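Encoded as structure tokens, the structure appears first; notes follow it.
Letters A, B, C, D, E and F name the chains as they come in the text, with residue numbers starting at 1 for each one.
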């Protein structure tokens, strides 16, 4: 199994979720994060004091899927999250050794 | 070493933490996340407009542990987080290559 | 490629980011988390009722980097995040199989 | 100098003519006095109405937008209030409340020339006066909140500079004229003295009043001037600026209903100043306006909850407070004219009607009135304006319409009948809709060409807080 | 028509009889006049007391619950206020403030029949009157906040529909009768005229008053009627609904003490209307009530901080504002009777007592009074009610008890002694505890059977915001 | 008994001597009466000023700190208000408003001895009085907010216990004396009667006034007493406590500008009580103070926005509300003296000056005045104090300075010329800066040695909420 982690633009979450559902993903987890990368952060001023943050809000998506599905998951995210602008984000794939469904105790692909 | 990641129901956090302490886990990290899965999200209405969110609040627990402990960690979580209802969550295990304690620079199992 | 994950003290984030930039890291992702470890949590009182939380606020940093850079990334974090006090946090290294830049579709080290 | 002298009653008096005025031995009109109790009440009312805008309305609206636009809404309301106050004392008060044509006043009191701590204005009782600056302050708060109401219609996308420009022009070309048309008149003593003088004097004095006043339309505290006026300007703006990026595909839930609830509550509290303050005196009629404002709101909140219970199976807090605001809007023109039971009926009725517009018709027509300025303020205002023509009837527990000429020196109360009064109310509503709708459309068009009114898609994505103001609402 | 004529003093006068009434040359009771300053003050006070409920109390309570129940609390308070206002004008005012039995009034003014802009009510000074609708409004705000206070006791678990039903019934069967018993009487001029008339007239007039009034118990602004009454109803409810899921095992820290602090501050501000407004006139006694409300609160806040400093080594903000509310509760019955120094003592004393109940006895007994309605409102109310019987003593800087019969036309102030007065206070407290406790228990029982009062475990887990109202407080 | 009798005018009168006082047939000074409208207005004003502190100022400041220090700020303000109220009634009122030396009053009214529901105080009109307790309450709110203003200067690092100690001592040694120096005098009737009595009587009566009053300096509502006073104490504190850990390296953005906006709005609303209430009567001059407070604020908000637009290209909400507060501060001493147009000019001017201090000079000098108490309150207060000396000129639309001795029984208005008046204003400013600066420095030093004033680095890192109060502001 693979854990596919993607950092995407927050407003893309619905499209990505729909795309993933289409390729057969039935579960995923979403976290609000802040990213640093090429995309510039905002300059903010508070009473004349400048705070130039290098962090921009991003959404992290984690999907665990069977090995066989990983490529399609990656592709679905890449297509759905794409705007072509700097800051679209990254996808990383990590191997997963085991998965367990808490409710039933099922393991492996059956648990996902 | 293994990284055991679990997505559980938020109100189960205390029980899971206690169970983990019992099996000898001394450190863990908790994140608020939102999960999509079989559990249905809520229908919300704002001035008649319906927002049917597919996301439900979940809590993510990350525990890094020595290889030997991994199975007991998984089991402890599975038992403590279980309610038998849809939405109890998942546990995933990922291999960890290295661990370092920032304070001391210790590495490997000693760092955990 | 490696995914280096570090749990550090929140106020150390700027120093760590600068240190990472120096060793050549151009992207990273930050999440607010809560950690349990040796560091004691706070005792809080609300109308005489005590809530002794074992969780303390921490910041999680995730950096994906080429294998070659991993050691320096770990070191940079370890140095910058260090205060010498209990609760400085941990660094974990996990192998990454694949990385994709959403905008361009680039993969591997080029995507990072 | 709010309208309580219905022109209908007045004309009847004119017809009855000299005969009428003679019947009771002509008593002298009481000499002008100022009661410190009135002054105290009106100062408090002014503060209450300012509280409706900041923080009331700002929070009510702000809670409904997404986090990234929160400050932009707070800023828009705060800035509009500031700009409107300066415009008001510069030329607004003069354009609204000095003699001019039937459609707009003159500039004789521009920059408050001749207005000081010693000048006075009439109330609705013969002989009862207020320090003029008290009246200037009270009416200033109305000029401040009305343009601020509009921003809800195009929240989350309007550009700040354009909005400020719009505010100045809209006040000048729409608000001040309509306030003049609805509320300007010579006051009770002038009418009474004219009636005593006989001949054409009464007709002349009555002819000084604003156009809608002369139509005999009733608007105790601003159903037309404030709510219909702002509501239709909002609708036109929402359509002309176009929809928000992502609307209606992306969910845009309110970011903090807590703020919305605080705002709604402060609106309710402040509205006592708005409505009962519009009586200009601390007397029994102020208490009528107060209790009407209380129970109509309660009834409308309840009634919106019941609609939601019926439609979705659950009453929501947003529904309750939206209903409350609809009730407040509807009772505004009626507050000093209806009785408490009539106000309850009005409250019960207005919520389902507004619900229909907000939850059914808006999605059907597809315009993006972000915070339902049209559906709540304009529709609620129309319901209230028309209902006022019925509920004022003493037979329904209403207060009747004051006639200061029948027995000069004291007010007599009468009611011209439903047909007459409803027709007057309807004409006032239509005139306001057309005037405000047309002039607003022209202003949006011109300002959009000049400085731009709608934020770019990218700026909307990022949020107006950062793109327009360079700051964030929350850094938790 | 709040109680300032102690029946004790009255009875003494009756005993002294004709002789007493004759001594000063009988002056005519002054003719009724309305001062616009009083009207202004009472309108403002009414607005202030409404502000105590929304947003004050709603935020004070709301901040203390968990995020997932925030809206449910705001909604409960807002809806209770709305429903109570409608019930009040429908039959509440009549049941509380018209003549009936010693236990409850009649229905002669139901739906405000006969009450209009021109009718008047007495205050506590001979000859000084208010427009009746002002009094209806002011008292309405009390009927709105009292049931809203109760919700704190079973917050985070009560079902909305059942709560609404409870509100209507509880007001009718508990609040209106107790308000009648404590506050209803014929007014100063009626008493003075009866005294002048001689014979049985005075006894008859005095006999029109409510039962507790006749006991001679003092309650200036609602220690029994509002706080003990709501507090004991809350305790009974907390016990009968059972504990929240997870209580006391799971930590349930307040989700936003910022909201709690805003709420507490608005309660303090609004309470000036509650207490000083209960004087019904803008005069020196109103100022007494005002300053007492100010300093008792300050003293109680400080005193709670000191307790926490002693017990935990740190004073908390929640402690300070809880103390402030306890002080406000305690000073409520005493506000127009005590002097400032007496009020400070009262404030210093009440906090440790409430702390004991909230932090020590509640966990020991194990009932889940979510937001300490009993520990703060009922206990604080009892402390205040009893202390009033002492602090009213002019020897302690108190104001004494007005006697309108001794020298008809002006009020004379007396004090019957601690034993007499404390016994009267204690009987008032006991009667309120029993009446409210018993009737509330019956209501909870019946409503629970009919429509259900306690949310299911699952609904509690999910939070009442989503399960009962289908919305979320925050979407940051 | 605020200053409206300029000593300059008074001395002129003394010089003109007996001749002057004889010219008009000496009318008797009107006998003292209390108007309930005044009482109502002053009670409301007192509530409004308390609302400025809690929740107004607490939120304004609290929103600007980081999440982890939110409660500490709310707590500091709440606790200071509580402690100050107790100190005020214990010895503060007496030290400030009884006769003593020119620098501080006596202890004759300590613990409010002899002050009750029937005692009276003078206003600024001959014959017009207030219940003394009303005045005690009103002035109490000023004593509550002034020390609370200071905490902004060392927010996020001050220790609670030390701060409480500082509050008590600073009030006693700085605030009460300065209030006495600026505002204490015998009142209009005393002056008029002295003038009628002839001989040395007028000089004697005038000599009872406070030192700064006798200088002829004008301060309608507290520019020196409140803002300069607190502002300089803040600056000294900020310097003596040292910078916050991490300042200025780490970004410390405001954690909730929403709270700051609510706070600023409530400050604005409440400030009407502060300024227009300082007139002590509900009359035309109160309306002057009211409108000045309205438009100066609006102008200053706008002017700060324009500065930001020019400097950063974007006007910010924080800028707008900071400007509003600067405007409120500046108009405070001028509110009852200037005219509306003068107030607008003042508002337009004050913001750029404060901006300069806040955004340019503070970073240059490197002191850490966390929330700009010096840059806004002290600087804005100085601008206002000096401008008052100009804007009071009737030739500029000002009200002139009342002279009660020229025609005993009525006030006459005069203006001594810019040089005279500005010199008086400048001396008042300087004296306040020096007195408050020096005594505050000594207090900080002593208290720091005794109990410690600055939280440890570790406590600052963790946040004062947990380290000082053991609780968290938010648990979302």
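FYI, a contact is a pair of C-beta atoms (placed from the backbone, for glycine too) under 8 Å apart; a residue touches a chain by one contact, two chains touch by 3 or more.
Here is each chain with its UniProt name: A, B, C = Nitrogen regulatory protein P-II; D, E, F = Ammonium transporter.
Every value quoted in this text rests on a predicted model; they were computed, and no experiment measured them.
Here the chain-to-chain distance from chain B to chain D (Ammonium transporter), counted in touching steps, is 1. With steps allowed only between chains in touch, the distance from chain C over to chain E (Ammonium transporter) comes to 1.
With contact taken as defined at the outset, chain A and chain E (Ammonium transporter) are each touched by B, C, D, F.
The pair with more inter-chain C-beta contacts, choosing from D-E and A-F, is D-E. If you average the CA atoms of chain B and of chain F (Ammonium transporter), the two centres end up 55 Å from each other. Averaged Cα coordinates give chain E (Ammonium transporter) a centre that lies 35 Å from the centre of chain F (Ammonium transporter).
With centres taken as mean Cα positions, chain C sits 17 Å from chain B. One finds 49 Å separating the Cα centroids of chain B and chain E (Ammonium transporter). Each of the following residues of chain F (Ammonium transporter) touches two or more other chains: 35-38, 40-41, 44, 253-254, 256, 262, 312, 314, 316, 318, 470-472, 474, 476. Contact with two or more other chains is made by residues 31, 44-46, 94-95 of chain B. Of all possible chain pairs, the ones that touch are A-B, A-C, A-D, A-F, B-C, B-D, B-E, C-E, C-F, D-E, D-F, E-F. By the touch criterion given at the top, residues 44-49, 51, 53 of chain A touch chain F (Ammonium transporter) in their complex. Within the complex, the chain E (Ammonium transporter) residues that touch chain D (Ammonium transporter) are 34-41, 43-44, 46-47, 50-51, 54-55, 58-59, 62, 70-72, 74-75, 78-79, 81-83, 85-86, 89, 111-112, 116-118, 131-134, 136-137, 140, 160, 256, 259, 262, 468-476. The part of chain E (Ammonium transporter) that touches chain F (Ammonium transporter) in the complex is made up of residues 35-38, 40-41, 44, 48, 66-67, 253-258, 261-262, 264-266, 268-269, 272-273, 276, 281-288, 290-291, 294-295, 297-299, 301-302, 305, 312, 314-318, 320-321, 324, 339-341, 344, 399, 474, 476. Considering their complex, residues 11, 14, 42-46 of chain A touch chain D (Ammonium transporter). Note for the complex: chain C touches chain B at residues 2, 6-8, 31-38, 54-55, 58, 60, 74, 77-78, 81-95.
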